[in-house]
Each structure stands twice: as C-alpha cells, then as structure tokens.
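Read the structure below first, then the notes.
Letters A, B, C and D mark the chains in the order given here, with residues in each chain numbered from 1 onward.
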Amino acid sequence: MANLTLVQAINLALIQEMEKDERVLILGEDVGPNGGVFRVTEGLHKRFGGKRVVDSPLAESGIIGTSVGLAMNGLRPVPEIQFEGFLGPAYDQLCTHAARMRTRTRGSLTVPMTVRVPVGGGIHAPELHSDSPEAIYTHTPGLKVVMPSSPYDAKGLLISAIRDPDPVIFFEPKRIYRAFREEVPEDEYTVPIGKARIVREGGEMTMVSWGASVIHCMNAIESSGRDIELIDLRTISPMDVETVVNSVNKTGRAIIVHEAPLTCGIGSELSARIMEHCFLQLESPVQRVAGFDVIMPYYKLELDYLPDTERIGKAIEETAAY
Amino acid sequence: MANLTLVQAINLALIQEMEKDERVLILGEDVGPNGGVFRVTEGLHKRFGGKRVVDSPLAESGIIGTSVGLAMNGLRPVPEIQFEGFLGPAYDQLCTHAARMRTRTRGSLTVPMTVRVPVGGGIHAPELHSDSPEAIYTHTPGLKVVMPSSPYDAKGLLISAIRDPDPVIFFEPKRIYRAFREEVPEDEYTVPIGKARIVREGGEMTMVSWGASVIHCMNAIESSGRDIELIDLRTISPMDVETVVNSVNKTGRAIIVHEAPLTCGIGSELSARIMEHCFLQLESPVQRVAGFDVIMPYYKLELDYLPDTERIGKAIEETAAY
Amino acid sequence: MPVSSVFETTIERLSILEPDGTFDESLGKNLIPDQDLVDLYRHMMVCRQFDVIAFKLQRSGRMGTYPENRGQEATSLGAAYALQQSDWLVTCYRENAGLFWRGLPMEKILLHWMGDERGNHIDPDLHITPLAIPIGTQMLHAVGLAWADKYRDEKSISCTFFGDGATSEGDFHEAMNFAANLDIPTIFFCQNNGWAISVPTKIQCSAPTVAQRALAYGMRTIQVDGNDIFAVVKAVRDAAEVARTESRPSFIEATTYRLGDHTTADDARRYRDADEVSKWEKQDPMIRIRMYLEKRDLWNENKQNEMQAEAEKLISEVVKRAEEIVDPVCNDMFDSMYASMSDNLKAQRSTLRTSSLGQNPSQLPLKDKAHA
Amino acid sequence: MPVSSVFETTIERLSILEPDGTFDESLGKNLIPDQDLVDLYRHMMVCRQFDVIAFKLQRSGRMGTYPENRGQEATSLGAAYALQQSDWLVTCYRENAGLFWRGLPMEKILLHWMGDERGNHIDPDLHITPLAIPIGTQMLHAVGLAWADKYRDEKSISCTFFGDGATSEGDFHEAMNFAANLDIPTIFFCQNNGWAISVPTKIQCSAPTVAQRALAYGMRTIQVDGNDIFAVVKAVRDAAEVARTESRPSFIEATTYRLGDHTTADDARRYRDADEVSKWEKQDPMIRIRMYLEKRDLWNENKQNEMQAEAEKLISEVVKRAEEIVDPVCNDMFDSMYASMSDNLKAQRSTLRTSSLGQNPSQLPLKDKAHA
C-alpha cells in the first residue's frame, strides 16, 4: 500500500499496464519528456521511450483519429486530451468513428482505446479549462464514460478501462488531482466499469454524484447531520441504474449533484430513471443541484457557478421538508 | 396562401429574408447552382448570385467557423450542413465559439447565424444520414435549437431564426421534407422561438414530441381513440417547459416521443422537469418512447429503431392503465 | 542576406500509357507482365458490369443510394495491384475495383448500399476497412493502422484513398501532418475526379495541382494520370518502396474523372457540361488498356464478348447472394454495440421498448412495487 | 511526355536588420520613419514591463495563468504598425504588443488573465477579437471577418496570429483553404517560436519551413526574421497591399523565440536547453532596435532610463485599474448568455438554484400545487 494522490494513482496504473502489456502506448500533447501539463505521465517517457510515449502534433482530431487506427490494428492506445475544453475538435472522431466501429462492422473491427481527459472546474484555470462535457459522450452509444472521485478508484478504473475492449473516455477531475491522498494497493487491481459505489449508507434520502462533486456532497451531508445515502456513480456510461434505484426505493427521496449545466445533463437522465422506476416510492420530486445553464464563467465567478456545499445543503433541507 | 411542402416553405423563407435583408447570405456544400442535395436552396444562386449564395469547400468546421466571423462582423450567415451526421467536424466551432462569443465578450461580439441541418431517419439513406443530435446542442448553453414539424411552422420559425440575434441550429426533419403540403401564407410572418404548439387538446394524458415524430404521435393518438393532448415542442432550446407543465398538471400523465437515443436525450430533461413541477399531479410515471441506446442502424433496420405508431400506442395503453 | 531562398521544389507529373495509345517503354517496360495486364483488364470489365447492375438495382428500388465508380477504375485497381495483401487499403466509396482485386466478396459492397451492416463485416486477413461515408476522416485511421504495424516492426504499410473534395477537410491535414512528422508509412492517394458532388475542384483547391498539398508537410508527392494504370502502378510501387524501406509517407494525386453522377441521388446535368463529360469519356481507362492489349495481340473482339458474358454471369450471382441473405433481425442493432451488454441495453433488446412501463420488470428492481 | 514538371516554386526569407546590426538600406530605407521607430521601441519597453509585472502578479497570487510575450514583441507590433485601424487583428495570446499599439486598454489583458470576462469586452472600433484560448480556431473567424468587409465592398482586411503549434490543427488548414479558394483578404501570420509548450516545431512541421504550408493552397508566402521589426513591417505591408488590391490572402512565417516559459504554469527547463535560450536571448528584437537607434543617435542610456521609469509608472497604473475594478456579480454569468433571457435562465438567475424546490414558485405554474 502507498499513500497516493489521484495523479500518482493514475501514473502508477499507466506504468503497470505498460509494463504488463506491450500493446499499450500513450500519445498526446506534451505527454513525453514534459510528463503532461498535469504531470500525469511523468517519468513514462524516460522509462518506456519515445516509441511508447509519443508527443504528437497539436491536433486533437489527429490524436483520436490515429488512436482509432492504432486500436483497430491490435494496439491499446491511451491518448491524452490536454483539457476537456479541447475535446471539441476530437468530437467527430470519437462519436462518428470510435463509437461506431464495432457495430457498423458487426464486430470485425473494434476500438479498445482509453481517452484520458482532465475535467471540471475549481482550479482558477483559463477559459475552456473547467468544463464538464460527460453528458455529451453519454448520449453517444458505443462509448463508455468513467469519472473517478478517489485515488483508489482512479487506479482500478483506469486499469479496467485500458483492458476494456471498447472505447472509454476516462475523465480525471482535475480539482482533486492532488487534493488528498489515499491508501492505494501497489499491486494491480480493477474496479469494474459500470458499477456505482455506495460511499455511505443512509435511510433518509439518496444523493448521487461523481467526480470532484462527491467531496462536496460528503461535506454537505455531514453538516446536515442527516442519514443520507451517498452514491458515487463512478461510471457514467453505462449507468448503474440498479444501485440508484435500489437506494431510492429504500429512501424515497433523491438529489443528484453535478458540475455540468442542468439542462440535458446526466442529472436529467438519472432523474427520469428514478421517477420511472421508483414512482410509487418517491416521497418528493427528485432534485438536481447542477451547474447553471450558462457557459462556465471565467474563474472570478467559477465558485458561484459550481454546486457547493451550501447549495447542496439547501436542497437537502427542502427535500427532507417536502 | 400557397400549398407548400416543408422544402418549399423553407425555400420561400430564405428568398424572402434575402430580398429583405442584404446581410443575409448562404454558404455550404452544393448550395449554389445545384440548389443543395435536398433542393432547399433551389433557384437562390440564380436569383441572388454567387456572392450571396456560396458553394464552399467541403469542410464543416470551415463553414461554421467562417460563419462565426461573418456574423461577428455584421452579416447574417445561413450556413447549411449537408446532413446532421456531418455536424461532428463543426461541433467545436459551434460549441466552443458560436455558443460562447456573446457571453465571453460580455455582449461586445455576437453571432447571429442560423445553421440549417437536415435531421433524422426514415428515408433509407446511407450511414450517418439519419441521426438526431438535438440533445447535444441543447446541453450547450448559448445556442438555440429549433425543429419544425410542418411547412407553416418551418417558414415562420426560419424567419425568426434568421432574425434572431443569437446562433440558432435549425433542424429540418428530412423525412417530411416532401411528405405533405400545407397552406402557407405568401407574406412573411414569424413563429416565435421558444414557444411550443398545442397540436390537439385533450384531457386524458399529454404527449410531447417534435419534428417528424409528431406525425407518428398524431396517428397513434387517433388510433387509440383517447383524449390525448399533443404538444409539438418546435423549439427544443430554450424549452417551453411552461406549456408542457400546464398540460401535465391538467392531465396527470405524460409521454415523450423522440428519435434520438433514450439516454440523455431531450426526453430525459422533459421527464425530469415534468416530475419536478407536476409531482403531486402525476398519476403515472412519465414515459419515454425514444430511439434505442444504439447507433442508428443502416436502413434495413431503421424502422425497427425509430419510435413508431405501434410503440407509441403501447405506451399510451400502459400509461392509461397505470 | 536580406532576401534568400529557403525552399525550392518541383512537382512532377507521370504518365506512361497516353490516351492515344503512346506508350513510354523506358518507364513502362516490365512494369506489368502481359498476363497480369489481361487479368487487370478482365477485372475492370467485371467492375464496370458491377457498376451497371448496381445502378439498376437502385433505380428499380432494390438498393439504396449508390455511387457509380465508372471511369475511375484504374486508380484503386492500380494501387491494389501494386501493394501486398498485408498492406491496408483504407478507402472511401469509389474504390470497388481495388477492393475486389484484394479479394473483398463483391456482395459486401452491395450489402452496404442495401443498408446492411453485414456489408462491412470483412475478413481481417484482407486488411481492408469498410467504406467511409464521412468525407476525409478515414485517412487518420490509415495513419494509425500503419503506425501499429510499424510499432510491431512489421513491414506492412497503409494506402488511403480519397477525393479532391476530401482534401478540404481538417482531418486530411492532420493525417498528412501526423504521417510526415511521426514517420508513418502511409500512402495518401487522392483521386482528383474534378468534382465533389456539384462543386468543382478549384473551390476545394485553387492551387495549380492538388499534389502540392503535400509540400506543406515536406512530403514526397507526385501527380499521375489516374486513367493510366501503368502510371498508377509505378507511382504506388515507388511510394510503397519508400514507405517500406524508409518508413516515410507519400502523396499521389491521380487525375481522373467521375463519368457518372455523384451518386444515384444526384443529377450531374444540373451543374456540368455534357461536353466536359464526353471529352473525358474518350479518356476512359478501359479504352486505353484495351487498345494497348489489342495492339499487342493480347485481346480481341471475341475475348471481349466472352468476357462480357462472363462478367454478366458473375455479377448476377453476386446480386443473388446479396439479395438472398436472410433479413437482419432487430436484435442485431444491440448485439455488437459493445463486447458485453449493459443491463440497460439488455432490457431494451428483450422488450424492444424504451418506455419504462414496457420494459420487463424483472430486469429492474420493480418487484416489490405495488400498483397504486 | 512521361515525366513533366507541373509546379515549381521557391520560398524566400526576408531580413533587413540583422542581429549584428547590419541594415539593408535598399529594403529598409524609408520603411519606418525615425520617430516611428523610436515610438515603437518605447512601446516595446512598455510591453516588456507589462510582461514582467504580469508574471509577478501571477507569482504573488494576484492573477491566474499568464503567458509571457518576452522576445516576440516585434511580430505583432510590426504587423499592427503596418496595418490600418479598420483592419481586424485576430490574435492568439502572445500578441500584447500589437494589441496595445492598436489601442486596447492594457488592463483588458490583465482582466482576462484575472478570470474576468470584462477583459474581452472590447470597443468595436478597435477591430480586435479577444484572446483565443483554443489553439488554431480563430483563423476561421479572421477569414469570416475579412469576408464580411469584402462582402460590403469595404477595403478592410484581417490579420490573424498563431503559433507554430497551431498550424497542426485542422481548422488552420480549413481557414487557409477557404481564404485561398474564396479570395478572402486575410493575412495569416505564424509566429514560429520553436515550441508549442514542450513540443518542438519539428513535431508540428517537419518540412524545412513553416512558410511552405501555404504552397498547399497556392497562397503567397514568405519567411521573415520575426525578431527584425523592419522585415515584419515590410512583409505585412506587402501582404496588405495584395489583400487590399487583389483580395488575396498571404502567409507569413516569422521565425522568433519564446524566451520565457510557455505560461506561468510551465517550467521550460524540463524540456529545453539553457544554451538554446541564451543563444536566442542575444537575438532579442529589442536589443537590435536599440543598437540601431543608438548608432543613429536616436537613443541613449539616458533616454532608456527615463523611458524605463515611465513604463514602470504606466504599468503600475494599469495594474491598479485592473485590480480596482468592482467584483463581477453572479448575475453577470446569466446576463449576456442571449440577447433575451429564457424563463429557465430567469428562474436560475433570480434564485441561484437549479433544484426545482429552490426555484421561485411564481416562475412556474406550481401555484395550485398543494403540499402533501
């Protein structure tokens, strides 16, 4: 066991999978000698050489498009997109190609790649360095979408993603890259894709979140003093509806918390599913505490945009009082 | 009044706005002498010349990116993207630039452009010619998203879109481009963006849809013989939640129908909103009849994918019986 | 040195067998053995017949949109002939001749246009990717495919085909740039057929040649007469040699012409002159080879008629195979979405419903839910 | 003609004032009047001081990430000097010198990096677009802006700035191609500073020059010494002339060097040699102009000191203006989303909530909803 940050846990997972599997290679902007702008790939270029850790041209569609080809031809590329705001130029290669290749060829060509992307706000970064586009890729069948909220899960989920036979977008909440440490086993282990984690059990209501917001949920729950069940979705697509529905059937109330804008965010899907499957158990309308339906503001206002302990706390009280 | 198809109504709206406003210009692939692959811009090149109806290079990001510049500098570009499946390469210019320009410059630069895009399935077209990506752009603050279901609305909404000071994605359901005719006034008129239309009133339940699916909803309602209120959303973003909520508060039951995949589709947002605002009035869980969570299949299976009268009919019966 | 020259270059155009039958012995000799040339010609006749019948299938409602290949057969065929079986062919949708030469069962292409994904289910040993519908995006895959072979120290390369229109897309640029800067052995084969649907090449590329696109990347480049199979074979062989031995990419602009409409959904009379078409009809690559073969007594009217009959028979069998395939079933759209299916997809697949009330209640914990 | 030449070209490099002070009279004479040159130099001193202070603001936690401009001042400044006020400057984020010359209030740039959108609120008469964070995307806007002026028969043009790294993006290609084929008067100004964060230019462009990118489009192109303000002014003037009179685009590769880290979030020692940096420090564009001015008795140590004091004072006032601005309020994020606000946004704005229970019930018809 080692006491690691999220960045270190991801770095360790990459090293171990690369040691184990010759087919794994990394490509992206500044991932080589510089070790990535967040230092996630630190040391890898030195350890594995320029053939397996490749500084690519500055072109996101190129990074993902060539990764699709690499993956179709037997490798396991782990491309990095420097910030989620620069996924845009790669949208077409992700959604039009990576996501479709298996089904359009009825399984004869597949795209086992893991796209690593730092995500989310809260670090006082410039424009387009603080967004949360997970819903976009969840609405696209053929992709999987993962977002860990802890070093332990990050390592286990990344290993699962790299080994997964299908394309996975692995969002790394940059706000908690180095926010805290956690005991992480040295040995390799996997955390299954598609399974939520019950962070704490509770009977009064259910709260669902993922990524950096999980921490805020925890704080809000603790300051509320209430008996709330907190679920960390971990995998956003495919969604572990069963764990959520089981919980809400028990508690009768639910709050969903995420950074992305409210409208058509993941919260809407979860809310709809909960209502569909827990209709008679629901004692209050499912609440969504989300980013506003505005462009993520520059950093002076980012904390006003992001759901925080106070907004979550209010939703708890109102839901409980309903 | 003239009896027009949807294609003709759009063509007329384009002509009239171009006559009226010098700032309006059209650009896109094959929009010139060829009149567009669906003949929507037929006759315009001849009438207005190559300066105002521009055959562009085959590059969607280029079409939208230059349109952003044209719009920022006082014109009213109406770019065409040939099929919704080719919006992908333009995603970044739409969501990273067009959508953000007004707010990131606090109003000093704006992007009054209308992106016309044929949308949806059902015409036996090749791969990537049958998708429904409206939720992607609805999740992006700063854009407006419109989809008419009739020639009358098409003309009025397109005129509103062209005159709108903000970027509008104008989706044209290709399945009903020529499916039927309707009386359309010769004179210019507008249909407001952001207002749903009650297609037929009813008290037993509410059905919400948009685009080509509205026709299927109508058929299903008629064969059900039930007293169902049908709402055509017309504008998807901003969403006319008020009209929907008023209706469901009256009927207590709701079904949403759309072509796009279920998960994180517009249905999820509508369902969540209905539940939030009609919680105590709801007598059954809101139902979603949508595309499956799969890649739109090639045309041999497209009718199995698309929500049809039968699937809608079943949802009606089950919702009524709940 | 206030003004100095920092880069100088010339682009060459290659042709060996001219439309009038002139043949350059110095370049063309031994390039294609006689028997191979006969086989290639026979193959072109089959492909032409395929085109004719595919067009008719569309017109009679038995198939969806189809893009005629007519007039462009020499490009992909010459390339496929010059390459090895282990080299990737990463095509667009007007390269039937090359794909069939490689060994793709012809009914696969019909199935594709009949709206059936099984047309894209291709034996991996063929090293072919399925037709690419979105323009300009497959070149990046070609770079990745060749890169993977290079990564494993295999000597295979990739060759990707695309039109003049495709060179306007951003992905074209990124693919060229990745290949040039990361030393990936990919051949970029542009079929400049004068048009992108209704848009003439000058709107895609107003430079004197498309070949010079490659100068941006310092990439080897050449223009060839794409209706001259000898020139195509030579250009691709040279490029393949450089790719295999130096792991470097090349660009080839093959000038050719789309004799038919863009697709069956198009009517080219709306935007181009009949004169232009008839000028190009005389440059049909098949006329040229036939003339050459006949001059050398390798072909005659008789053989032509025999082969035509053979081609007709072959294609009618292909059509039969394509039309006799059992209908796909609805489940197919779920079954290859992922290697393993999520609960959500399983529920949708087994109920064919998305409305929660219609879904099998056993699949979600609705059991203890009492009805109101 | 089996092998013929179909395209030939040469790319030139232009320099007028060399690092050692050599000045080419034939090209340089009368290019920049003495007084203008003094003004330009004084302006560069202000910009350098801005850079120093901006860096310190970041280090002391008073500002977010900041990209130093140091060493690259001659490029955007030379261009802004050569252009007219009605021409659009469409920049990236390392063109402070040009933007300030045009008249952008300096505190705008600080505000931008202080995380305040008001830094992007720019007087339309300045014909400036805000800093572009996503690499490579602003060139398309530059093409659209110039196109709109052309559409209205105005003689304004646009000039867009970007780095060597940006030339790898697909949007760069599309912008160049649109401008070349649709005859849009845009100047594409590439600041090749050797690096894109930690990635050297050869991974972005392995060709001998970046200037040859433009050959792909048949576009006018030239390489200039970007640390030589005379060469920059001449190249931009020539390009502007062609743009204004022939409505044709040009490409300019200005070779320069980023003397600082990529941004304050970067540590360039991780990936580049100190030797390389010190070699380039000697080529600092300011050293060169100062030498030239002093040789001609237009400048001296005294003036230098006076001006340095002036610059310091000026910048400290700028910082004061940037820091004294009232805090933005939460509503600002809603207020310029659209020209008119939707009910949904109004509700979110007035309640600062997204949870339905927290929203003002009067905004949605919840009135007759009885509590359970």
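Here is the rule we go by: a residue touches a chain if its C-beta (ideal position, glycine included) is under 8 Å from a C-beta of that chain, and two chains touch if they have at least 3 such contacts.
Owing to the predicted nature of the structure, the values given are computational and were not obtained by experimental measurement.
Using mean Cα coordinates as chain centres, the one most removed from chain C is D.
If you average the Cα atoms of chain A and of chain B, the two centres end up 30 Å apart.
Chain C and chain D have Cα centroids lying 42 Å from one another. In chain A, the positions touching at least two other chains are 56-57, 59, 61-62, 85, 88-89, 92, 96, 103-104, 127-128, 141-142, 239, 263, 276-277, 279, 284-285, 287-288, 293-295, 298. Residue positions of chain C touching 2 or more other chains: 117, 134, 168-171, 174, 177, 181-182, 203-204, 332-333, 337, 344-345, 356-357, 371-372. Taken as a graph of touching chains, this assembly is fully connected, with contact between every pair of chains.
Residues 64-65, 112-117, 133-136, 165-166, 168-171, 196-199, 203-204, 265-266, 270-271, 327-328, 330, 332-334, 337, 344-345, 348-349, 352-358, 371-372 of chain C are the ones touching chain B in the complex. Residues of chain D that touch chain B in their complex: 88, 117-118, 120-124, 129-130, 134, 137, 140-149, 151-152, 170-171, 174-175, 177-178, 181-182, 332-333, 336-339, 342-345, 356-357, 364-366, 368-370, 372. Residues of chain B touching chain C in their complex: 29-30, 32-35, 37, 55-62, 85-86, 88-89, 124-129, 255, 262-263, 283-285, 287-295, 297-302, 304-305, 307, 311, 314-315, 318-319, 322.
Listed in rising order, the residues of chain A touching chain B in the complex are 61, 85, 88-89, 91-92, 95-96, 99-100, 103-104, 127-128, 135-136, 138-139, 141-142, 237, 239, 260-261, 263-269, 271-272, 275-277, 279, 282, 284-288, 293-295, 298. Of all residues in chain C, only 1-16, 24, 26-27, 168-174, 177, 180-182, 202-209, 211-219, 223 touch chain D in the complex they form.
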